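In the two assemblies presented below, chain A is common to both, partnered first by chain B and then by chain C.
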Partner chain A sequence: MAAPGRHVGHYIQRNGRFLLCNIDQVLGHRSFGCTTAVRQQAAEANKESAESIVIPRKKTWSKEAVLEALASTVGRDSTAYSYQFQDDPYLSPRTAVEFKLYSLSQESGRSAAKYFVNSNPKFFTKDFAEPHIPCLMPETVSLCLEEVSEEALKERINLRKVTAAVDMYDQLVQAGTAVSLETTHGLLDLISLYCDRDPVEDEGPQTEDTESKDPKKKKGNYRRASDFLKFSWKENNNAERIFNLLPERDTRCYSALIRGMVKHGAYAKAFSMYTDMLNNRLTADVHIFNALISAAPEVREKYNEKWELITELLKQMNEQKIRPNLLTFNYVLKALRRCGFLAKTQSLHTLSEMKALGIAPTLASYDHVLAVFHRSGSSGPNGVDILQEVVAELAETNFTCQDPHDVMFFANAIRVCLDNKDLELAYKVHSLIEFGENYRLLGDPFHQSVYYGRFFNLLCMMEHVDVVLKWYKRIIPSLYYPNPQGMKDLLQALDTDSRLDLLPSIWKDIKSFGHDNKPDVVEDLLSLMTRDNHSAEVQESFAACALDIKSAFDLNLTSRLEWTNSSLSHVTMLLLRANQTKSAWEMLPLFKSNNRVPSDDLMNSFLSLCHTDGTSQKAVELVQMSAAFCLPTTPQLAKRALAEFDLTEEQRAILSELEAAGGEPSD
Partner chain B sequence: MMWQRTQTSGTWKDIAKAIMYRFLSRTVCAARSSSVIVYESCALPTKCEKAAAPVFRVVKGGGVNTLSTSSVRICEKKNDDVPSNQDEKTTADKEDGPTETGSTKMANQTEEPVVLMAEDGSTVQQQADVKTEQVEEKQTQVNADVPKSGKESLLDLLGAMKVEVTNKRRLKNLKVKQNSESLPEYKSKPADMESTISMFQKATEEASSPSETLDPTLVAAASAAAATLPNSNQAESELLRQLRQRKAITEAQKKGDMNNLGEIITGMKVGKKQNQQNARPFNPIRFDDDGRGYTHDRRLTAKLVGVRKRTNLLLGKRLNIFSASTEDDAAESTAAQPTLWDMEFANNLSQVTDHTPRNGLEEMIQWTKEGKMWQYPVDNEAGLEEEASVPFHEHVFLEKHLEEGFPRQGPVRHFMELVVIGLSKNPYLTVQQKKEHISWFRDYFHQNEEILKKDDAYLS
Partner chain C sequence: APSSPPLPGGSPSCRRDRTAGDRSPSCGTESRSISAESPGCCRRAAGFPAERCRTSPSSPAATPSLLLTVWTLLTSALARSSLLCSSSGLRGLHVTAACCKNRAARIRIGKGNKPLTYEQALHPHHIGHRKGWLSQHTSNLKGEDGAADRTVEDVFIRRFMFGTFHGFLANEIVLKRRGNVLIVCAIMLQKMLPQKFYFLIGYSESLLSHLYKCPVKLEIQTLVDKAVYKYI
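For the complex of A and B:
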């Protein structure tokens, strides 16, 4: 029933124009597929007369609509690892390093498979899918057309074979074939973009097909943009050569070259190219201006000269009736970051200009403004006011990435909060991220960890420990693997609010994050545990934790972790406090083997322990050990042992000798 | 109070319950004080609704002692509620929130000065005295009457009350007139002062009427309630005493609230001032040991600051280079086909953002976008690639295919009509298949035309 109904809707929509004049006829058609109720309605509509009928637009659902609705009901599970590791629980990453390793290997596996399929299409000809699924079939990455023709040139351009395309063009020109303007544009774009070099991806099995927009593949190479930076624009390269040979040049040709020059660092040349273009009575396009504005700070020294150049370019834009776009203003704002004292006022003016032109600033724009107002070294509330306004303006909006720089915003915003210790603002910034799908704009894993690291640092510093632990459970480790500094911050927060009883569980986390081999973290933990006396149960758990830490020391023979004086005495002290006599005695030889000296305090505690146990032999051994360490406290120990213990004659003799021996050098 | 009520008329409907409570409580235990409570509770809708509900229940329960104590409890509750509500209001964006309560309080505050300042204030005062005397008289009257007790006395009282009420109205009108006469003389005062005074006058004018009519009702109700108890005389006096006490408490708390409000207002002023003056260098704890400064406690003034500051970013000067009138150019630039640069830019954008799926459904969305997964059906035409372009009537109206090749009447025609009906209801065949089906019969009947004709079955 619904299907024909929909057809009716379709039909009526298509014939909407006739409906007004021929309503009766349409109703005649319509009534066939409709229930009587609908017919009644239609009849009423008919009575109302034809002029006021507004046909609702047909609602078209995207093919993902149902899935999207379903997905919106699923929240983030803070107890689970990232979804990409769900398939193999064994490979659940527990540390940041593992996370990086596993996600990269996943990507490289995908890329390797893709490379293999694409480079050996003859083995993958069978099409299992019905209907056909194009993306599962091998893509053509090698050249098919061998003859010299414009078609072959186009193919080379599409496959981004820079050198092959240049060769083909040269052959075409030599053969006297005219190449169409469009193809020339494509060729110039290609050469300029890759700076007259084949894209690096073509060299090895790490191939990333740049043409495919497969988002899954991006993980492997976050730093790809920098790949291009290592090439610099060469004088008279193929792009310039072909450009100079062109019989007629239009704006697109200039655009390709200027953009290439700016991209590859030939800033001054780009400006002279622009002047050249103006002399040829051509008007620029928005891309040329964008490129030039982004290059402007490079070609001028003084702050006001830079800004004058930018305003000059903007004025020329207006004269040439070029409408600026978002990137234009983002480049202006970015350039303003390097304009010193001018920046603060001009960046606000630029923002207002954007709004006046109906261009909504994106995160990138705000990030530049924040950077202008925030100087991390200086004191005072830098950037807080601006950030507050920005946050108020952005609240409850879904962001889409419109500028590659957008992803820098959150990490910088949270830094402003951290530098100003403004927790409230940090919560607001975080609520921006938690709105909708905005977390996607946090950027790559590196930026994410920077953001969460700063956020967690601020929480540890300013928030009550209960709230800190709540956040700790929420973001760690599902979103963030804290670094050693983060763990130390957490320990400090626990200390400030005296929740030291939680230390053993934190130690477990430290171990699972792989920070159990960081000496400073372990030392911090031990000293916190030893500093105060706690209730019996807490001491019990501390002692268990101390033994665990000891085993970590034993395991990490090759690592940086080695017994220091304090760590040894802390562990021993913890064991003593929990009355773990045996383990405590086992600690004493470690002092010797690691060339460490136990403290007087520790030896006295040991002696008291012997006293409560009533083992005089142990007491004598202890005093002897103390003598072996040449502790100054040996005579006192011996004296105490003599006074407090029930000793045999032999033992008494040994002790009095030690007492005397210890006494002598001190006299 | 009534004035306030008119101000908040928008919220009135939301708190019909509170009003219901007011009426009920008026008949049972109404008093000036209780009406005050109710008015205030109306100003602070949600919380007092909650507060009112249990009380209402208690009233229904009918225990006299519990009634009085519970009403005291309202006062307490109200006292708790008021500051918090005020906080809410000050933080809320509603314009009417803080200003209104503030000004009504102001009106209350100015109560005494107004009377004193008025030139004929003495007369007003006298009248007020008279009024209170009358009320007291009435109460004593009621007290005297009460011993009769029972429902009859209640009815008597109600009858008597009406007269008194009308008397009172007249008196009050007189007073109001006098007040309004004295109004012009206030003109020398600052304008805002005047306005508050007039507001106050309006308020008293309106508010006094119910509160005064309530008094006898209350007393009568109290006596009626007391009559149900064994020791009615004592019970009634206790009841009335309790009511008076409650009134006193209410007044006291009202004043207390005013003080609270005053404190809050002054506190707010201090916060704002600090911020305006930029008193930053004087803050002693601005620098921490790690060199990062603490910021001011912005909690109290955050809203104010936000509102004030937002203007300079949003409404600041602009560069004034471009004119905003060139919208039509924007359209044509998008028409051009994407260049390599555009593709590279889009690729770059998709790379910087995080696209990893967070759950299985998101992964399925991704697969759908890539075309790896069968589309999730969003309507009942999923998988209808072949038939998507065929309109429905081609499927349903198949009679036209019987036009040629079949007889106009007779059993064959009848059979074919049935076939067509069957086909028109079959959703599993394509139109082409349906046509083929029909043409198969056409051929069949053509081939066997002779036999059919012989049997006379073809046409008849």
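For the complex of A and C:
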């Protein structure tokens, strides 16, 4: 509840004045910052109470001191989850799966509300916002004009109803009404953009650019089946039909057709349409050339042919006096990625051309150049020099997204750093992101996780474990939910610098990220814990962790975790080392129930345990158990038991039998 | 402004302790029979809890006969007026002063098994002293207008949240207006999966924004159970 304001304010007013009065008397002057100065001096004085205290006579502050102090409090809170979630522990996403689930459910709630608003617009039309907020008004989604007219056609084009628009156009043409050129352009654009199909009604949040090249991404990216069915440009579809029926065709009509063909895969047709256009003595525009350049690598096979085609197009662009724009050059660079050996020189030439024309290269251009110079997996410094120059050029600049491909830059840049194991460069790339609002250029959550995954991987490999842990606290889980590979990297980093005492807390994190059902992570963790002997309290914590892991195995909700030889042995060893004898004895039956065989060390340690406890009956049972498992160490165990324990006659008899039985085959 | 519906105006005698059965539209009259044997004392009608009965202002020294004649005159006069006449025939006459009891936003004590939150346990006169305000806006300052509109919006938003998150609200909604933004703060119970919470949160935010043409934000905190302050 809000505190009673008057009450608090009253209190501060009374006591604040009291404080200020006191301090004024002490210092004898009334400068603005005197109260903070005194408090700071008091704090310093407390710290250095052992040494002599020198209180300066006067402390001056710059004019911006308060602003700077306030600014230092505002930064990214590295412990907070993303802003779109509610600030509550129950409602915060702990794993990547939850992140996606919660953000999608919130989005679906919004689209449900939008549906209500749009289907009942009469309740939402009262507008009392000054200035008018268009995005909070209901949208018209249903058609209102039914008669055959150009207005109705325009309405259908605006509402993106492709088939309805085509029908209306056909009706208009049959009725003999002339349709204006503007509307025809709009219609052709619409049909070409959507490939003669109505756009999907419920467009969920687009997670991936559907034309992205890499189909191997699986994590965090639930692709719909429709993403794989790319629409292809059919022969003689409505766009072409309408185009052919037009009395006169101008550049924009050709432009719509060519761009649609390139977008939907009919590359050769696009080029033939372009030659048609030239034969009709029309000049193209910049969009046509952009489309053709991006289609050029598809229509030629050999590297130099591709490049020749592109240069040919650029020359024609020059002849027709069309000025290239940023996208032109970006498409050129993108095409160069598929031009093999020519790419290195030509891409640098292209960059200089861009600068000569005064077009600043964006992140997408640099990404293409980097891809040209970097070969994944090859040895030697590939791409590092280029990246260093790029980073130096881009430092301290604010980026805006000018090309959809911009968002791929950072993931690829950090991959270059990772392949070359260059930590300094990685830090520089990261500083680019932390500058201003450049974090937006990391792309959607999937690309962000790829970037941070690679960055963290590099850190775990190269940095000291303290720095790794500092970054761990900083970026996890507010920016990045580590995948199993990331956790294994972290375990390895801890191992390298022998900070294995942190393993139990890492196990807690593994559980909260939902990776406690991944067998390889659990195996790694257990083997690291068991490998060496540690001090007593560390062993205690390891034993507690081992019990926790055991309960995870027992719970086994997703039935992906199965007890293996090593995991069972490790858990038992850890329990033994911490002297948790009861739990250790409970582990032994699990071997039998899971059809696993305990190791020799384990049996020996159990025997030593029995010796310290003095339970000879248990020792005999142990040797019998090892015989049941047909372990080769049974005779040694029996001999040891006979030697070390005081046994009854029966027990001696059993043991000597086992010793003899085991002894024969070995002779 | 806290909810405290204005009492129906009129003379103090109109304010009565309203029991469950008393729903008379006129200034709550109850049948009171004045026995001739005991003129000075008042009788508690059935269903009234402990009231301070004040004796009638007339002096005890008045003669019974005078009182009787006055009374018959009054009743005959009252009987003629159809407004006050009802089936029992003796309504509309108050011979004791009304007991001006406050009932606003107070939960009456029971057997000790009814849990109350802090908000419910403290009465409206504690607002500003031990309680805060549930709706914060500047329309009640001098020279500002729009208080009525804000109140109507608040009522709607409270009902909307009560209905959308039915059964999940642990306490009253707090509404804060800062600039253009309307912030709805609610404490909810963890009875639903988080993804369902987020669906409803996205839905409410979007719908309310479209309705009121301003950004509406929800700030939700969750509890396992309602926070009980005391049992009444």
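The definition used in the following text is that the second predicted complex is superposed on the first by the 536 of 667 C-alpha atoms of A that agree within 3 Å, B and C clash if a C-alpha of one lies under 4 Å from a C-alpha of the other, contacts with A are read in each partner's own complex, and residues count from 1 in each chain.
Operating definition for what follows: a contact is a pair of C-beta atoms (placed from the backbone, for glycine too) under 8 Å apart; a residue touches a chain by one contact, two chains touch by 3 or more.
Predicted model, so just to flag it, every value in this text is computed and none were measured.
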Touched partner set for A:F341, first chain B, second chain C, both or neither: neither
First (chain B), second (chain C), both or neither touched by A:F124: second
Contacts of A:L442 with chain B and chain C, given as first, second, both or neither: first
Comparing the two partners chain B and chain C, which touches a greater set of residues in chain A: B
Touching partner for A:L136 - first (chain B), second (chain C), both, neither: both
Contacts of A:D419 with chain B and chain C, given as first, second, both or neither: first
Contact residues common to both interfaces of chain A (with chain B and with chain C): 2-4, 6-7, 133, 136
Chain A - residues contacting chain B, complex: 2-4, 6-8, 10-11, 29, 32-33, 61-68, 70-71, 74, 76, 82-84, 131, 133-136, 185-186, 189-190, 193, 210-211, 213-216, 218-219, 222, 224-225, 256, 259, 286-287, 311, 314-315, 317-318, 321, 323-324, 346, 348-353, 355-358, 379-381, 384-386, 388-390, 392-393, 401-404, 406-407, 418-422, 424, 439-444, 448
Partner chain A, residues of chain B touching it in the complex: 280, 286-288, 291-296, 298-299, 302, 305-306, 309-310, 312-324, 326-327, 329-330, 333, 339-341, 343-366, 368-372, 375-381, 385, 391-393, 395-396, 427
Complex contact set, residues of chain A against chain C: 1-4, 6-7, 85-88, 90-91, 93, 98, 101-103, 105-110, 112-114, 116-117, 123-124, 127-129, 133, 136-138
Of chain C, residues touching chain A in the complex: 118-119, 128-133, 136, 174, 190, 194-207, 209-211, 213-214, 218-222
